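Two complexes come next, and they have one chain in common, subunit A, joined by subunit B in the first and subunit C in the second.
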Partner chain A sequence: MTYILLGLTIGAIYALIAIGFSLIFETVKLLHFAQGELLMLGGFVALTLIGLFGLNPIIVGLGTMAAVGFFAAFLQRVVYQSVPSHLIAVRIMATLGVAIFLRNAASLTWGAKARTIPEAFFPGGPIAVAGLIIRPGYYWTLIVSIAVMALLLWFLYRTKIGLATRTVAYRADIAEMMGVNPVLLCTLSFGIAGALAGISGLLVSPQTFVHFNMGIALNQKGFTAAVLGGLGSIPGGIIGGFVLGLIETIGGSLIPSGYQDVISFVILVLVLFIRPQGLMGQVQREKL
Partner chain B sequence: MKETRNRFVFLAAVILVAVVPLIWDNYYFLSVLSTTGLYIILVTGLNVLLGYTGLVSLGQAGFYAIGAYASGILVAKTGAPFVLGLLLAMLLSGVIGLIIGLSSVRLRGGYLAMVTLGFGTVVQIIMINWDDLTGGAEGIWGIPPVGFGPLKIVTPLAWYYTIFIIAGLIVLLTYSLERSRIGRAWMALREDVAAAQMMGINPVHYRLLAFVVSAVYSGIAGALFTHLNGSVFPDAFGLQTSIMILMMLILGGSGHILGPIMGAAIVNVGFEILRPFGNYQSLVFGFLIVLMAVFMPQGFMGLWRRLAALWGEAI
Partner chain C sequence: MKNIGKHLGTTICLSAVLLVCLGLGASHVWAEDKATVKIGIVYSSSGSQAHSGLQEANVIKMLVDEVNAAGGVNGHPVRAILENDDTQTEKSVNAAKKLVFSNKVHVLMGANTSSAIKAIQQQVTEVQKVPYISMVGSDPALTKLGQQWYFRNSLSADYQTGSIIDYAMNVQKLKTFAMIFDAASASDQAKAFEEGLKKAGITLVAKGQFKTGDTSFNSQLLKIKQANPDALVTIGVAPEAAGIAKQVRDLGMNARIIGLVAIVYDEYITLGGSAAEGTIAASAFRVDNPDPNVQAFVKKYKSKFNESPDHAAAQTYDALQVLFKALRDVKLGLTDDALVEDRKQIRDALTRINDYNGVVGHLSYGPKDRDAYHKTLVVEVKGGKWTVVKSAK
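What follows is the complex of A and B.
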C-alpha cells in the first residue's frame, strides 16, 4: 500500500515531465534532453523564492512556473530555433549543451550540496487514509499535479489557442495557412513545458532532494514515461507516468537499491521493441 | 582528384604525427596528444554510426567502458597478456554493440539517441554497483602497462606512438570501408532507406554491422585507455564523455574520414586550454556546445566548404 502511494506520487512527477516532452516533441519536433535540467532549475528557483518571500505556496509556486516557463521559451527562441531542423544530431547536441550548461551553472550558483524544500512549505497536516499516514508534501504533489494536468488538457482541447497548438503539432504549414503563427506557438509550447518542469521541480523535493545533478535520471524517466504512454500523446504521457512510477517503486523494492534506475531503461527498451507506439500513441517505427 | 587530396592529407598527417614529439618531447604535451589519439578512435567509431549510417548514438562511452573494464579486469586479475585483453575488449564490446543494435535498429533519430543514452547510464550503474568485479566507484588500480611479448610500452613517447599507430590503422580501415560496397550501402541508408532497399541493401544487416564496427572501435580505445592510465574507474565513462565524442564529430565534420581527426584534436586541445577556468570549465564547455550548434551546425568542414564556395564565386 505504501508503495502504491509512493509510486503514484513519483508517477505524477514523471507524468509532468512526460507531458513536457510530448508537447515539445509534437510542436517543435525536438526531443528536449534538457527537460530534467529545467526541473532542477525549478527546484532551485523555488528555494530562492522561499528565501525571498517566505513559505508562501501560491507566490512561490506561480513564481517558479513563470520563471522557468519564460526561461524555456527564451531557450526555444534563441537557441533551438536557430539550429536547422534537418540536422537531428546537432539539435540533440544543442539540448545536451544546454543541459551541461544549466547543471554547472546551478552547481556554481546554488552549490553542489543537495537541498530540500522545508516540509512546513506544504500547508496542512498529515492525513490518514486507510490506516496510512500521508505527509502534506506527498498529497499536495498529487493534488497540484493532477490539477495542472487537468488545466493543460482543458487548455489544449477546449480553447482556441489549444486548438491552434494541436494544429501546429499536426502540420505547421496548414496551421500557418489558417492564420496561426507557428513560431509563436512553438515558443508558447516550450513555455508551458518549462512551467510544468518548474512546478515538478518544486513538487519532487519531498521525494528526491534538489540537486544540480538530478536532471539526468529524471530526464530518462520522463522520456520512458512518455514513450510508455506514446510519445506525443498528452493523455498517454499521464498514464505512462503513473504506470512507470508504480512499476518502479514496486519493482524497485524487490531488487538491490543501486540498480533501481535500471528499471526505467529496461522498460524503455522493451516498450520500443514490443510496442513502440506506446499505450496510446502512433507508430514511430521504420518498417525494415 | 578528391582521392589524391585525401592521400596527400593522410601522408602529411602521418609525417606530422611522427615528427611532432621529436621536436617537442614534453610529458604533458604528449599525454594530451595521446588522449587525442584515443578520441580519434572513439570519434571514428561514432562517425561510422552517425556520419555514414545516420544513426545517432549517445552511448559510445558505454562501449568504451566495456572495452576498458574487459581488458583491465582480464589482464589485472589473471595476468594475461595485453593482446588477449584487447581481443576480449573487442569481442565483448562487439557482442554488446550487436545486442544494442538488435534492440534499436528500427528506431528513428531521437528514440535511438535516448536508448543509447540509457544504455550508457546502465553501463555506468553496473560499473558502480558490481563491486566484486569492477571495484565499484573506486575502480581498479595498478593495471599493468601494454606489452607485446618482451616489448613493454611504458614511456609517454612509446604510448604516443602505440596509440597513433593503432588510431592510424583504424582510420585507414574506416577509409577503405567508406569506399567499399559496405560504406556505400551505409551512406545510401543514411540518405534514403526506401531507395537503398530498392537497390537490394538490407537495412537491418548494414545497420547492425555499423553498430558492431562502432562498438569494437570504442572497445579498442577502452582497452588502450585502461593500460595507459593503469586504472579504470566509472567517472571516465559518463554521459559527458559520450557528448564530447558527439561534439567532436559534429565540429570536425560528420560523415567525412578526416572529421574525427580534426574534431578530436580541436576539442581535446581546446578543453585543455579551458582548464584554467577550473570550476567553470564544464560551464564554458556547455556554452560552447550551444554556440557551435547555433552558429556552426555543420562544423569546421561546413565552414570550410562555405569558404571554398565563396572563394569559387570570387574568382
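What follows is the complex of A and C.
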C-alpha cells in the first residue's frame, strides 16, 4: 500500500513531463529535450514568487504555470521555429542547446546551491491512510496533477481549440485549409507543455529540492514514461507515468537499491523492442 | 580555379587570425611575473558541493590578498589560480592536470569530494610529484595507501566513527543501527563506519544504497523501515542527506539520523527543515569556540562575506596558513628549471609542520602521517543549529 501511494506520487510527476513531451511531439513534431529544464525553471519561479507574494498557493501555482508557459511559447517562436522543420537533427540539437543554456542561466541567476520550498507552503495537515502518514506535499501533488491532467483532456477532446490542436497534430496542411493557424497552435502547445512542466517543478520540490541540475534525471524519466505510454498519446503519457512510478518504487525494493535507476532504462529498451509504439500508441505507416 | 582562389583567401585570413592569437597568447605568458609562488586550487563553484567550494574560494582570495598586501612570502608574491570542477570527478582531474602542466603550479589544493581527491592523487599529484593539500575528504584510504605528496587538512572517517558511535550508544542509548550510503562516492567511509560498529559489537539491521544526485530514496527507506532501527547512519553529502532525513520523517520513521562531517553544513538544516532536528554528526571545527584566534577568523569572514564560515572554510584557512608557514621555511628558485626541486622542498617543509595552532585545532604532519587532525567533536542539530554535544578528548 505504501509503495503504491509513493509510486503514484512520483508517477504523477513523470506523467506531467511525459504529457509535455507527447503534446509537443504530436503538434510541433519535435522531441523537446529541454522539458526537464522547464520543470527546473518552474521550481525557481515558484521560489521567487513565494519570495514576492508569500505562501499563497493559488497565486504561486497559477503564476508559475503562466510564467513558464509563456516562456516555453517564446522559446518555440524564437528558437525552434527558426530552424527549418526538415532538419530533424538540428532541431533536436537546438533543444539540447536550450537545455544547457537554461541550466547555466539558472545557476547564474539563482545560485548553485540547492533550495527548498517551505513545508508550510502546501495547505492542510498530514493525513493518515492505511497506517501511513501522508504529508500535504505528497497528496497535493496527486490532487493537483490529476486535476491538471483532467483539465487538459477536457480541453483537447471537448473544446474547439482542442479539436484544432488535434487536427494540426494529425495533418497540419489539412488544418490550415480548414482555417486553423498551425503556427499559433504550435505555440499554444508549447505554452501548455511549459505550464505543465512549471507546475510539476513546484510540486516535485518538496521531494527533490530545487537546483539547477534537477531537470536532467527527470527529463529522462519523463521521456521513458512518454515512450512507454506511446510517444504522442496524451492518455498514454498519463498511464506511462504512473506505471513507471509504480514499477520503480516497487521494483526498487526488490533489487539492490543501487541499481534502481537501471529499471527505467531497461523498460525503455524493452518497450522499444517489444512494442515500439508504446502501450497506447498507434502504429503509423508511411503512406507512399 | 576561382574556387581555389576563394579557399586560398579564406585560409590566409584564418592563418593570420591564428597567428595573431598565438602572438597574443605568447605575449601573455611573457608578461607573467616569473618569480611568483603559484597555488592551483580545484574547487566546486557549482554542483552538489558548491556550498563548501564557494566558502573555500572566499577564504583563499581573502588570505592571498592579505599575504600579498604584507609583501608576499619571503618577498615573493603569491598567486592563486582557481579552477571550477562542477563537483564532477572527471572535471576535477582535468582541472588538476591543467593547473599542473599548463599553469605549472608549485602546490595543488582542493577538490570537494573524496572520490575527486583520490583521482587527483592517482592520476596527477603522486605521478607528477606535486605537493597536494585537500581541505575536505574523509575517505580513510586517502592517507592509507602510502601517499608521498598528499596532505589531508580534514578529518578521516576513521577518527570520526569512534566518537559518534560512543555518543550514540552511551549517551543517546541507541541500540539498533541501519545504514544508507552513497555507493558511488562514499563506500569507503561506509565501510569504516560499519567496522567501527562491529568493534562496538553491533551489526547493521538493514542497509541501502544511493548515488550522488538521487532525489527519491523511498524504496530503500521502506525496506529499512521494516527493520525499525533506532538510528539510521546516512553516509553522503548534505543535499542528499537532507533529502533522506525528510523522506525518513515522511514515511513516519522515528530513527535518529547519524552522519559524518560531510553533512555538517548549514545547508543540511535549511534543506532538511524540521526533519534535520536531532541529527548527530562529527566535526573538527566549532564556530562558537571562545578561542580569540577562532573568533577573530569568524568575525573577519562574517564581515567580509556576510555568512557564517563552515568547517570547509575553517579548514581552508588553516591549510593556507600552514602552507604559507612551510613556504617561508624554504628558499625557492621559482623558475621553470627549479620547479621540480621547489615542489619537493615545499613537500618536505609541510612534513615538518608540528602542532600548529589553527582555527580548527592543533595540526601536525609527519613524513608518514598525512592527517592534520585526529580529534573529533560530536555535534547535534538542536533548535535548527549545529551544537557541540561532546568536546574533543
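Heads up, the rule we're going with is that the second predicted complex is superposed on the first by the 279 of 288 C-alpha atoms of A that agree within 3 Å, B and C clash if a C-alpha of one lies under 4 Å from a C-alpha of the other, contacts with A are read in each partner's own complex, and residues count from 1 in each chain.
Here is the rule we go by: a residue touches a chain if its C-beta (ideal position, glycine included) is under 8 Å from a C-beta of that chain, and two chains touch if they have at least 3 such contacts.
As the structure is a computational prediction, the values presented were derived from the model and not from experiment.
Engineer: Identify the partner contact of A:I10: answer first if only subunit B is touched, second if only subunit C is, both if each is, neither if none is.
Structural biologist: second
Engineer: Which of the two partners, first being subunit B and second being subunit C, lies in contact with A:T2: first, second, both, or neither?
Structural biologist: second
Engineer: With the two complexes superposed on chain A, say which partner A:L55 touches: subunit B (first), subunit C (second), both, or neither.
Structural biologist: In the superposed model, A:L55 contacts neither subunit B nor subunit C.
Engineer: Of the partners subunit B and subunit C, which touch A:V129 in the superposed model: first, second, both, neither?
Structural biologist: It touches nothing on subunit B or subunit C.
Engineer: Kindly classify A:Q207 by the partners it touches after superposition: subunit B alone (first), subunit C alone (second), both, or neither?
Structural biologist: Only subunit C; A:Q207 stays clear of subunit B.
Engineer: For A:A147, select first, second, both or neither according to whether it touches subunit B, subunit C, the two together, or no partner.
Structural biologist: After superposition on chain A, A:A147 lies in contact with neither partner.
Engineer: Who touches more of subunit A, subunit B or subunit C?
Structural biologist: B
Engineer: According to the stated criteria, A:T249 is in contact with first (subunit B), second (subunit C), both, or neither; which is it?
Structural biologist: A:T249 contacts subunit C only, not subunit B.
Engineer: A:Y138 contacts which: subunit B (first), subunit C (second), both, neither?
Structural biologist: second
Engineer: Pick out the shared contact residues on subunit A: the ones touching subunit B in one complex and subunit C in the other.
Structural biologist: 217, 256, 258, 261
Engineer: Give the list of subunit C residues in touch with subunit A in this complex.
Structural biologist: Contact set of subunit C toward subunit A: 45-48, 50-51, 54, 183, 208-211, 213-216, 218-220, 222-223, 239, 242-243, 246-247, 250-252, 267, 270-271, 273-274.
Engineer: Report the residues of subunit A in contact with subunit C in the complex, numbered from low to high.
Structural biologist: Those residues of subunit A that touch subunit C are 2-3, 6, 10, 107, 112-116, 118-119, 132-135, 138, 206-209, 211-214, 217, 248-253, 256-258, 260-261.
Engineer: Per the contact definition, I'd like the list of subunit A residues that touch subunit B in the complex.
Structural biologist: The contact residues of subunit A facing subunit B are 25, 30-31, 33, 79, 82-84, 87-94, 96-105, 108, 216-217, 220, 223-224, 227, 231, 256, 258-259, 261-262, 264-265, 268-269, 272-273, 276, 284-288.
Engineer: Where on subunit B does subunit A make contact in their complex?
Structural biologist: Contact set of subunit B toward subunit A: 50, 56, 58, 103-111, 113-115, 117-119, 121-122, 125-126, 128-129, 193, 197, 203-204, 239-240, 243, 246-247, 250, 254, 279-280, 282-283, 285-290, 292-294, 297-298.
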